[in-house]
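Residue numbering begins at 1 within each chain, and the chains themselves are lettered A, B, C, D, E and F in the order written.
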Amino acid sequence: MFKQTLHISTSPHLKLGVSTDDIMRNVVWAMLPASAFAVYAFGLSVFLLLVTSVVAAILTEHLLCRWSGKESTVNDWSAAITGLLLGLTLPPAFPLWMAFVGSVIAIALGKFAFGGLGYNTFNPALVGRAVLQAAFPAAITTWHPAFLEGRFTDIASSTLALPFMEPTYDAVSGATPLSAFKFDGVAADSADLALGLVSGSAGETCALLIVLGGIYLIARNMMNWRIPVSILLTVYVLSGIMHWVDAEAYPSPVFMLFSGGLMLGAVFMATDMVASPLTAKGVVVYGVLIGLLVVVIRLWGGLPEGVMYAILLANAVSPHIDSALQNRVYGTNKKAKAV
Amino acid sequence: MKEESLWYIFINASLINNFVLAYFLGICPFLGVSGKLETATKMGGAVTFVMLISSVCAYGINAFLIAVGAPFLQLISFIVVIASTVQLVEMFVRKMSPALFRALGIFLPLITTNCAILGLALFQTQKGYGMVESLVYALGAGAGFTLALVLIAGLRERLEFAEVPGVVKGTALTLLIAGILSLSFMGFAGLGG
Amino acid sequence: MNKHTDKSGFFAALEDSSSADTFLRGLWKDNPVFVQVLGMCPVLAVTNTSMNALAMGLATAFVLLMSNVLVSSLRHFIPKQVRIASYILIIATFVTITDYAIMAISVELHKSLGAFISLIVVNCLILSRAEAFASKNTVGQSMLDALGMGVGFTFALLCLGVVREVLGSGSIFGFGLFPDGFQNWIVMILPAGGFFTLAIWLLLFNILKQKRATT
Amino acid sequence: MTILTAIAALGGLTFLLALMLVLANKKLYVYEDPRIDTVEDMLPHANCGACGYPGCRPFAEALVGGEALPGKCTVSSEEARERIAGYLGVALGNEDRKVARLACAGGANVARVRAQYEGMQSCQAAALVSGGGKGCSWGCLGYGDCEVVCDFDAIQMDEQGLPVVDTDKCTACGDCVEACPKGLFSLEPLQNHLWVACKNLEQGNEILEDCEVACTACGRCAMDAPGGLIEMAYNLPVIHHGAAAESKDAIQRCPTGAIVWWNADGEAEKGRDAKKIIRKGAREVGVS
Amino acid sequence: MGLFNFGHKTFRHGIHPPEHKSETNGLPIRQFAFAPLLVLPVSQHIGAPSKIIVREGQEVMRGQLLAEAGGYVSVPLHAPVSGRVRKIANVPTAKGEMSLGIYLEAFPASGQEVLESDGLDWETATPEDILQGIQNAGIVGLGGAAFPTHVKLKVPEGKQCEVLLLNGIECEPYLTTDHRVMLEQAEDIFMGIRYLLKATGAPRAIIGIEANKKDAAEHLSRNIPEGLPVTVEVVPVKYPQGSEKMLITSVMGREVPSGGLPIDVGAVVVNVATTAEIGRLLPHGRGIQERVVTITGPGVKKKGNYLIPVGTPLRFVLEEVGVADNLSEVYLGGPMMGMAVSNLDISITKGTSGILAFTDNEVRRADKVYPCIKCGACVDACPISLNPSQMGILAKFEAYDEMAADHNLMDCFECGSCSYVCPSNIPLVQYFRMSKGVVRKRAAAKKEAANV
Amino acid sequence: MSETMTIAPEQKAATGNSNKMLFAMVGIGLMCALLIVLTYEGTKPIIAKNKAAALEQAIFKVLPGTMTTAGYYWDGNAFSPLKGTEAEGQRVYAGFSESGTLTGFALPAVGLGYAGEIRVLYGYDPAQEALVGFYVLESKETPGLGDKIEKDPAFLANFEALSVAVGTDGNSLKNEITYAKSGEKQNAWEVDGITGATISSKAVTEALSTSTAEWVPRLYEAKERFKPQTQSHE
């Protein structure tokens, strides 16, 4: 009757059945449409860029795990996310060697040094990108035009710049919509922005596909919808007020929403679960903070774009948001401490 | 020549050229007391307080030294006066409010050798700030110091419970966070101008 | 100054070690930067070029040496209660002297080191050596200690300065290292680069320590 | 001229400052015995708590205050303790050294597992899941919480999944006592030889199903030991050290070897009649 | 979550595990056979163990007292069958420890008739009589907690019971005992309510039922006897609504203070099956001999709700209903809070509400544990709004005291919602159970040290 | 240091050595003052010479063909030779060629850039009525981007001949210096900006614009009165 030994395990004996690697994998799927569009718009260079950053990220993670004697954590897919995300935030003709360096830094300094997945207090891809921005400010603000003839057959010369060497550019487009507005007061067409018919970082141009990916993740309950919604709403409302006050000096809210890396940041970067707060309230405050910083930096700061800095700063604040905005424990007036 | 507005002085001292993250001032206490949020907040408060006081002192001393024609005594006078003022404050606080002393007092001796305080005195003199500007500058520097300390303390408290690799643990990790924060603060550049 | 027969057992260890040890301790085993993590402000602030690092290191070493000597020779004269204040006075004096000396040598160098020369006053390394060593040891011992610590400090500063200059400006002591078209890693000469470089040096030291512990 | 102003200015400044310090020195002087620091430096800084104080600093304070004797610190070396005693001019006050002893011998080769536990590999955790699945509900689960918790590397799990205490390294800090969910560890004076390596409260041979070296409460040890030394209580022998001189006779007739004699080499000797276990592999898992 | 439940009365957070109730909720309660040998631990309830009053070898009648209450927080134990006391010794228990108990050998021809004593009329009895009667009947909470019911019903001085809450939620997946009891024993339930209202002095009673048992709710509300102040409240389906605190919040909109009792917000909560038992036993002065148990799970051949004598060995039960060959795990209670069984020689006790048997196919075993990614799913699931994510990390780093001091660890009642949703498969509940044990141990040690 | 091994637990603060404390501290203070003063006095001439040389170097850079320089300050009505105590914003340096003819004026200007103040020195040649040289004294602009104002040849070419003609009224400029987007310079008084360093180049333009508007008319009017001094300014 009882043929085999009983097993015992702890309650609960039921599981929802969505595991961390499922979530991570689906985030990668959600980023694919935007990545595909990036390749379509900018051609072979971006393809190589994305492949480089992803491969570098995975390789770094694997080797670091090996050296530190840990089991390789590559198959939880989080390294792939970091690599792909970093690739998407870089200019299309960004030299591959720099992207490689960025990916290594993102994983090694942004993630592994903090203890790996689950402990990275900053979004690793943004750490990588922030270091690249500071290290190679010229290369990272040189934009390659979209929809060039022969983009599927030719590779931009800067893409293949020799390691440690300064890249040379063959086709340089004027500016991104944001810098065009900031320095020259020219606002791009909203429809072009939404469809990605402008220049900018590889993956940030087509807002619609990014939103699509976000909706997919929200529908599968793998992303906290409150983060992108509160960021976008804050940016819309704040810039709407400013635009209403002075339409000449401040761009329209729609322009603010669809230009630059806001969509990519709000949907895929600010939503990094590890670096964002835990509670519903906390997440909304976090989103509002990011939105606020984005508007402040874009409208009054020295830089045309501030999404990356806004998210990194909010990441740094998130432990404090967490400790301030815990849920009230049932039957008490006390909030549990978070940090 | 464009005058620096008080608002700009504040933003500049607290965010753009943050004393800790851009000028590397007060790194020792920064590394030392940023482990716990509570101490970090108190330390920040104490430093801001002392900055305000020493800013006034430095302004006065500088005026005095220029008047007597001995600007070369600037450094030694600053440090001696700051050190003694801090000690005086410590004694005063201990006498007037033991509660405040327990909260802030233990940090006061640490502050004497905090380069942020002396740096503030030197910079405000170098920039030729007047009395009000000096005070705003001190307030901004203190706020920036506190902000950096509090941000790092939050992160470090969280990372206390993280599987940080053994070789990174400690100062290296704190410096790493500081580096990333320093990069993030670059986003504030150009504000308030 | 040979009144040191009555030392407690606690300090006997210091006596046992030879003079060479006193010197080498600061250089390597108790390196002020990598091991004791002291005097961080100049370590980070003025190491964007090797030249600055060297100058700063030497300036600090000079102040350290002079103040150690003075503190050590005055140690029976200074009452315990005012010792810290006296040390600060002594240190500030030598810093001022160094400040003027550097200005006399090169205005350019003085400009690039900026206020950090003055800030040597509050370098915890100097005060801690004065308090922990010079106030308890002979002039000769203190000199050796200061030399060791000073050289160790300079060495550490150079470690950072060289890395930051090579990557950040593509040169070393101002001499170009790479062919034209080298891409400077500008982050290295920014504040963040200082934090990162020091973090990575500390990390390397830790790895080294760990390796040594396991073998 | 400059020289005079400078000297006057700085002289005045230092005078004021010195005056202030003098006043401060008179008014607000808090004395702390400098010997506390010195003594703390001589202690091992392990903060293990074996001395009964929360850490080395409080212990140092107690030492200087004369409330404790250096011998309480079982972690530091003999010389270190003598140095402290010499420094403070007090007696050494040596403690009976204690070590942690495990009241179980049911390794994988002799004890049966009834149900296979799945989950977090920790005794504390396993014990909460239906007792951990070991046949003998009193026995060691073998996930090594004690090994993990030991700061002194004194506990090592052997190949049968039983913790082995290195008596040289053990400082009797008591961490393993707290960590064991089955309460199998206790701190025993090193000079005591007799030890019952079992905690099961069952009587009779049925327990041998679950563990071949369990105490069957036969009472032979109590009969053989000098009067009053061993008494049977709740189906286990209880040793009253000090009631009579310890004698090796007590273990000789034990049929399972549950009562042992710790010899001078730190090995547990079994009695003459104890059955010899030659199985090296794990006992087959019993079908419930 | 809060958004979607707007307008419905319910508690914060919670989860929706698959219910699996349809497999047994249509099957009427059936009487189970007597096992040849019954195993009766004297500690089947929370509180002091019962004191045995029979001798080895003594013959007892079904319903006869075997052990009397060992104190106020304790209940007596009655013989579930007529038979002979074979042995008084250590018996295995579900917790995995051995504890004192009675081996009772059933007479081969033991019948269903039960020894009765003086009954208690609900109209004439005083509240004290009723409480005493409930204790004498050996009644404990049949929902699973097995807390002596009379203790719970005792309204402390200065407190007022405003509402008697009957817990018919049964939120655990798979289990349908309360569902069947409500459908089949409405009369007993209403009789029990009469006793309970009198004992607690409550002016009215509310029966709380989850929306997945609408038939039971309708059946009960149709049959409310004239003049009995009872209403039936249907609440949305959500786990763990069956917990006292959650039920009070759902039905009354009040929160039981941390560390407090339902009576602190004017409520007394009693399980419907317990109520039915009171209604059935008290008029006749009987004691508990048997209880309804749901036997289900993918590994069971004859699923159903059975009336099983207390003390029946698990092995006998499983042999009777038949189990699959590749049986892997057996749980007592529901899948969310039930305990895995390591030893089939343990027996059905008064607190056993269900027996679940899972085979190799259903048990998720090789779940890889990932680090916490702070997704917040557990925070959104915890019904008492703790921060399981942070507590899990603290537990991993053994910061138990911090968990208790800053995170209200002791308020956790181990419902399992956090572990259920955790994508990283972190054994949160196990961590918390362990940490609570350590905290309790340390508090006890501290207290002891203070006394010495 | 004569510490004994058996310190009594109830040791009181030593009170008798107040005088010694005062004496020690003041003594050290006086010694320090002496040391500092001596150093200061010793290095003063060298430092002054170094500083002057550095300034002269800068002036040579912005005023081509200059051999000697002379410092002046504006007292509100007229220019007088520098005394050394004037604030920087009031100073102006005149440059003279070997033959003693006026090569132009060097003026400092300050603008608010991306990461703080940008201090520049520019050269104004009243003969050409144009700016003829430009040198960044101090800037914290981002290396690689903002620091192009020091290095970008196209940008520096702006200041080889940037028109600052004085208007007909003699009190203001005909055209103030204005900023133009990179590559869109059309007039001689426009500064061609740098792509990617817009803020920094704008800041420089603004600094020059403000400074020239104030100084150039004054200098143009008084240009005849500047003669080479026999000795260098301080």
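Here is the rule we go by: contacts are C-beta pairs under 8 Å (C-beta built on N, C-alpha and C of every residue); 3 or more make two chains touch, one makes a residue touch a chain.
Quantities reported herein were computed from a predicted structural model and do not represent experimental measurements.
Novice: Which neighbours does subunit A have in common with subunit F?
Specialist: Touching subunit A and subunit F alike, sorted by label: B, C, D.
Novice: Fewest touch steps from subunit D to subunit E?
Specialist: Counted as steps through touching chains, the separation is 1.
Novice: Report the chain whose mean Cα position is at the greatest distance from that of subunit F.
Specialist: E
Novice: Starting from the Cα centroid of subunit A, hunt down the chain whose centroid lies farthest away.
Specialist: The chain farthest from subunit A, judged by C-alpha centres, is D.
Novice: Just list the two chains that share the greatest number of C-beta contact pairs.
Specialist: Top-ranked chain pair by contact count is A-E.
Novice: Determine the centre-to-centre distance between subunit A and subunit E, using the mean Cα coordinates as centres, and give it in whole Å.
Specialist: Each chain reduced to its C-alpha mean, subunit A and subunit E end up 49 Å apart.
Novice: Based only on mean CA positions, could you tell me how far subunit E sits from subunit F in angstrom?
Specialist: 85
Novice: Whole-Å distance, subunit C centre to subunit F centre, using C-alpha means?
Specialist: The answer is 33 Å.
Novice: When the centre of a chain is set as the mean of its C-alpha atoms, what distance in Å lies between subunit B and subunit C?
Specialist: That pair's centroid distance is 22 Å.
Novice: Give the residues of subunit D that touch two or more other chains, as numbers and ranges in rising order.
Specialist: 2, 6, 9-10, 13-14, 17-18, 21-22, 25, 87, 114-115, 117-120, 125, 128-130, 132-133, 288
Novice: Give me the residues of subunit B that touch two or more other chains.
Specialist: Expected reply: 72-73, 76, 80, 83-84, 162-163, 168, 172-173, 176, 180, 183, 186, 189-190, 193.
Novice: Where in subunit F do residues touch two or more of the other chains?
Specialist: 5, 21, 24-25, 28-29, 32-33, 36-37, 40, 114-115, 142-144, 199
Novice: So with touch defined the way it is at the top, what topology do the chains form here? Options are line, ring, star, complete, other.
Specialist: Here the contact pattern is something else, fitting no line, ring, star or complete shape.
Novice: Following the definition at the start, I'd like every touching pair of chains, please.
Specialist: Chain pairs that touch: A-B, A-C, A-D, A-E, A-F, B-C, B-D, B-E, B-F, C-D, C-F, D-E, D-F.
Novice: Going by the contact rule at the top, pick out the subunit B residues touching subunit E in the complex.
Specialist: Where subunit B meets subunit E, its residues are 160-163.
Novice: If we count contacts the way the header does, which residues on subunit A are in touch with subunit C in the complex?
Specialist: 98, 109, 131, 134-137, 139, 161, 164-167
Novice: Which positions of subunit B touch subunit C when the two form their complex?
Specialist: Where subunit B meets subunit C, its residues are 21-28, 31, 72-73, 75-76, 79-80, 83-84, 112-115, 117-119, 122-123, 126, 166-168, 170-173, 175-176, 178-180, 182-183, 186.
Novice: Under the definition above, what is the set of subunit D residues touching subunit A in their complex?
Specialist: For subunit D paired with subunit A, touching residues are 113-120, 125, 128-130, 132-133, 285-288.
Novice: Sort out for me which residues of subunit E touch subunit B in the complex.
Specialist: Result: residues 371, 393-394, 396-397, 399 of subunit E touch subunit B.
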